[in-house]
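Okay, so chain A shows up in both of these, paired with chain B first and chain C after.
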Partner chain A sequence: MSQTSFIPEFVSRKSFIELDGRRRAQSLFDEGTWKELVGPFDRMESPWLPRQGIAPQFDDGCVVIKGKIGGMPAVAIALEGAFQGGSIGEVSGAKMTAALDLATKDSEAGKRTAAILLLETGGVRLQEANLGLAAVAEVISSVLALRPHAPVITLIAGTVGCFGGMALAAGVSSYVVMTREARLGLNGPEVIEQESGIDEFDSSDRALIWAIHGGEQRVGMGLADALVEDDAEKIKATIRGYVQADLRPEYRSQQVELYRDRIAALDTSEQIDPLNLRQRWNNKTTGGLR
Partner chain B sequence: MSEHIGLRGRAWFQALTGKNQPASGDPGTVLATEAQIGDEPALFLCVVPDPASRFPCVRDGQVGLEEAFTLAHHLRRVITEDREKPKAQKRPVIAIVDVKSQAYGRREETAGIFFAAAASADAYASARMAGHPVISLVAGQAFSGGFLTHGYQANRILSFDDSGIVIHAMHKEAAARITRRSVAELEELGHEIAPMSYDVRDYAKLGLLYKLLHVDDPLHPTTADTEAVRHDLIDAIQDARRGATDLSSWLRSDAAKQTRRAGIAVRAALEAQWQNA
Partner chain C sequence: MEQIEFDYPAAKRRITKKAHVGVVGSGDMEVLMEPSPTERAHVSITTSVDGFQSSWKAVFDRFFSKFDGAVRIQINDAGATPGSVMLRLEQAAEVINQ
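Now for the complex of A and B:
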């Protein structure tokens, strides 16, 4: 510690979580290199929400920014958790898929273009139900098409978290970066309580929720790659590291036999203790920079 | 309706493959086998209910951890075995879909069902991208994360034209609650707003279906029905082999050009702006 560090670090650091989706995405790029594509002035909004009495938004809650990170071409796609819970609809889904597909096209042509997905989302937008579900299937497919050519990095900072179908997009990413304030899972606690009862999951039990879905747990059990502080500079540096990283020969979601065996070894006669599972699964074989 | 979930899947798996039991080493919830379709072998996959599953939250036909990794296991094996074969000889994959949902359980969330589902979707998409024709036959229900895990990465989706078919992001009761409507209002809305509908004929308007199939009783396939469906599957396999290995066919249909206008416009705008950025 230096002489001046009696001022706690968190006083001078810039919070990432306090930024909206657009500023989060902007903050990842090299200064002066980025440009937003199909932004609010293009007014491409959901055709389905107004027909149900819900105000649409000119960007449909999805921000696409193209530019350079660490000198390399990259595109960031951010879901804005404050608009309709960050839900995926027809327009926001099409933005995401199209950006990924264009990154793939450039990468195949020799201009490696990484993608960063900033996911704050509850999943499919129920007002656009089946088009949202199809959009998720398309996003997954497009992530997988880009992954052999350039890194696809999912960043979940919080505080909405990443749930529903988009959690599968995180699952197939090259790397997943989370903060302690972020959560990642398929079904949120309220949904489980509703569908399977309070004995299965008490959604008011905050400690349980963080123990299962929290960033520390997901990184600790090897299903995410880096735990970062809520610090815009540190997050920027972590993302830059992954953008510049060499491509891996194998990604986590291809390690089927390893995980099939791990599931087979679970004792399901009672609920699984998250901390115990973390200790058993903690491994160095999966994604991430080592 | 709930007592019928999974029965149609099992019935069609049996009709098309002659088998009805899980493979050795697989859980009771997954049916996987190789069987002839036309003049070639294909991998058939189906998720079924198992009241004896050691995971309580999948016993009614939901897709959980074991199901996802078992599907992925069979798919990865076929991809590896056919790696060096020319595209025309890569085995087709037929996913028979009748799934209530993903598993809503604490065990599943703790052990990362999001990742299991991702691994299965990855395996299905990898098979498709490697040139295997991947065909989904929706025989009953195809809900949400269950469908994303098992069947939605297919390059051709076929479904029966029948009131028992439900393809949707969330079941009616939950969707009504979350969107603050009654179930009756939700059903009414579906007739005006195609993506909200629970009717497979409205789903067909989205342009995601390759074909709607007509059989008298999807729960009890006759020999004639089975032959007809087999022909439709063969036709879909051939069409998939001729087409792209991505999901672009979904946007090229006349139905998609109507219903998905907004999404198609977004793609065009993004591509135009991408060049200059």
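Now for the complex of A and C:
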């Protein structure tokens, strides 16, 4: 009997999604060049969670790593999706803003420092309410400050996805990279169903959710730039490409007229399906439809 | 939420390294393990699940029956089972003893 030597690619591939936030951020850097800033041993915890009977995390679910990617200075900011849904609170928001602002300062001084946001988040941490909302505003304004000097790259790998206020941060970043497993949207499926009814959006219908929020559709519509496989090496190479890329002449968030016209042109008298939207807007990808 | 503290005076071996493992996700916990400021091991736990002090005690009694390092252990817990707690502790101890 002859032995088969066929080993499917996914057996040898190293998954990115299976890594926690810290290891995801570390995996993007050139070996031996990175260090973590304000790590767990600094114990910058949320002061608000314990008062509400919730165990905090030593890094408040936000990992900041500075180092080199493809020989160029970069900082990666990862939200840990497993801790409180990756939600952004006072401390995690401050860490994110401070890291972006330091990158801006370095970039303005002539040392171009790209930022990579690894967003696995449901948005604002409800337990920290207004402080979380303020954090989102600060993060967005810091992204806008860095964007003219160095690329701000949002990476959404999944499987939490990127929702709420942090979806706005993804929206203003220079480049958005997603996997098929990732989702990006302002309101999550449960929220839409709760507000508009199950007829509008059935949050238990996973195929429907991914056909609308999923990476394939977002790239297909031109709301994200690259669709990558869940492969640590491929993701690292894609991010390296964007770290080294030229700055965009124009950002999606500046194309107000274009998107206004696109939305105005939609005929809402009939159901708009995901494929139709892709064909009209961008038509970059073909898979991932139900 | 509950705060639990234990002391293990018998653990006296000096250690130099520190370790951080785990995430405060549902059914999981994170642990910081580092050299103790005193000559004994000290454990402090913040857990979101109340009423399991005796289970924590049993896990740490067993852990310190094998581990003799003078460590300071700090834990944030989101409902890890005793088995997961022991795995996380052993994972951290492995980093410390490397």
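In this section, the second predicted complex is superposed on the first by the 275 of 290 C-alpha atoms of A that agree within 3 Å, B and C clash if a C-alpha of one lies under 4 Å from a C-alpha of the other, contacts with A are read in each partner's own complex, and residues count from 1 in each chain.
Keep in mind that, in the parts below, contacts are C-beta pairs under 8 Å (C-beta built on N, C-alpha and C of every residue); 3 or more make two chains touch, one makes a residue touch a chain.
In this text the structure is predicted, and so the values were computed from the model without any measurement.
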item: First (chain B), second (chain C), both or neither touched by A:144; value: first
item: First (chain B), second (chain C), both or neither touched by A:64; value: first
item: First, second, both or neither for A:56, with chain B first and chain C second; value: second
item: First (chain B), second (chain C), both or neither touched by A:159; value: neither
item: Contacts of A:204 with chain B and chain C, given as first, second, both or neither; value: neither
item: Partner chain(s) touched by A:168 [first = chain B, second = chain C, both, neither]; value: first
item: Touching partner for A:80 - first (chain B), second (chain C), both, neither; value: second
item: Partner chain in contact with A:282 - chain B first, chain C second, else both or neither; value: neither
item: Chain A residues touched - chain C or chain B, whichever exceeds; value: B
item: Intersection of chain A interface sets (partners chain B, chain C); value: none
item: Chain A residues within the chain B interface of the complex; value: 35, 37-38, 42, 44, 46-48, 51-52, 64, 66-67, 90-91, 93-95, 97-99, 102, 124, 126-138, 140-141, 144-145, 164-165, 167-172, 184-187, 191-192, 194-196, 200-201, 212-213, 218, 221, 223, 252-257, 259-260, 262-264, 266, 268-269, 271-272, 274, 277
item: Contact set on chain A toward chain C in their complex; value: 20-21, 39-41, 45, 50, 53-58, 61, 80, 82-84
item: Sites on chain B touched by chain A in the complex; value: 54-57, 65-66, 69-70, 72-73, 76, 101-102, 104-119, 121-123, 125-126, 129, 144-145, 147-149, 152-153, 167-170, 174-175, 177-179, 189, 192-197, 203, 206, 208, 246-247, 250, 259-267, 269-271, 273-274, 277
item: Touch list for chain C against partner chain A, complex; value: 1, 18, 20, 23-26, 28, 30, 32, 34, 46-48, 74, 76-78
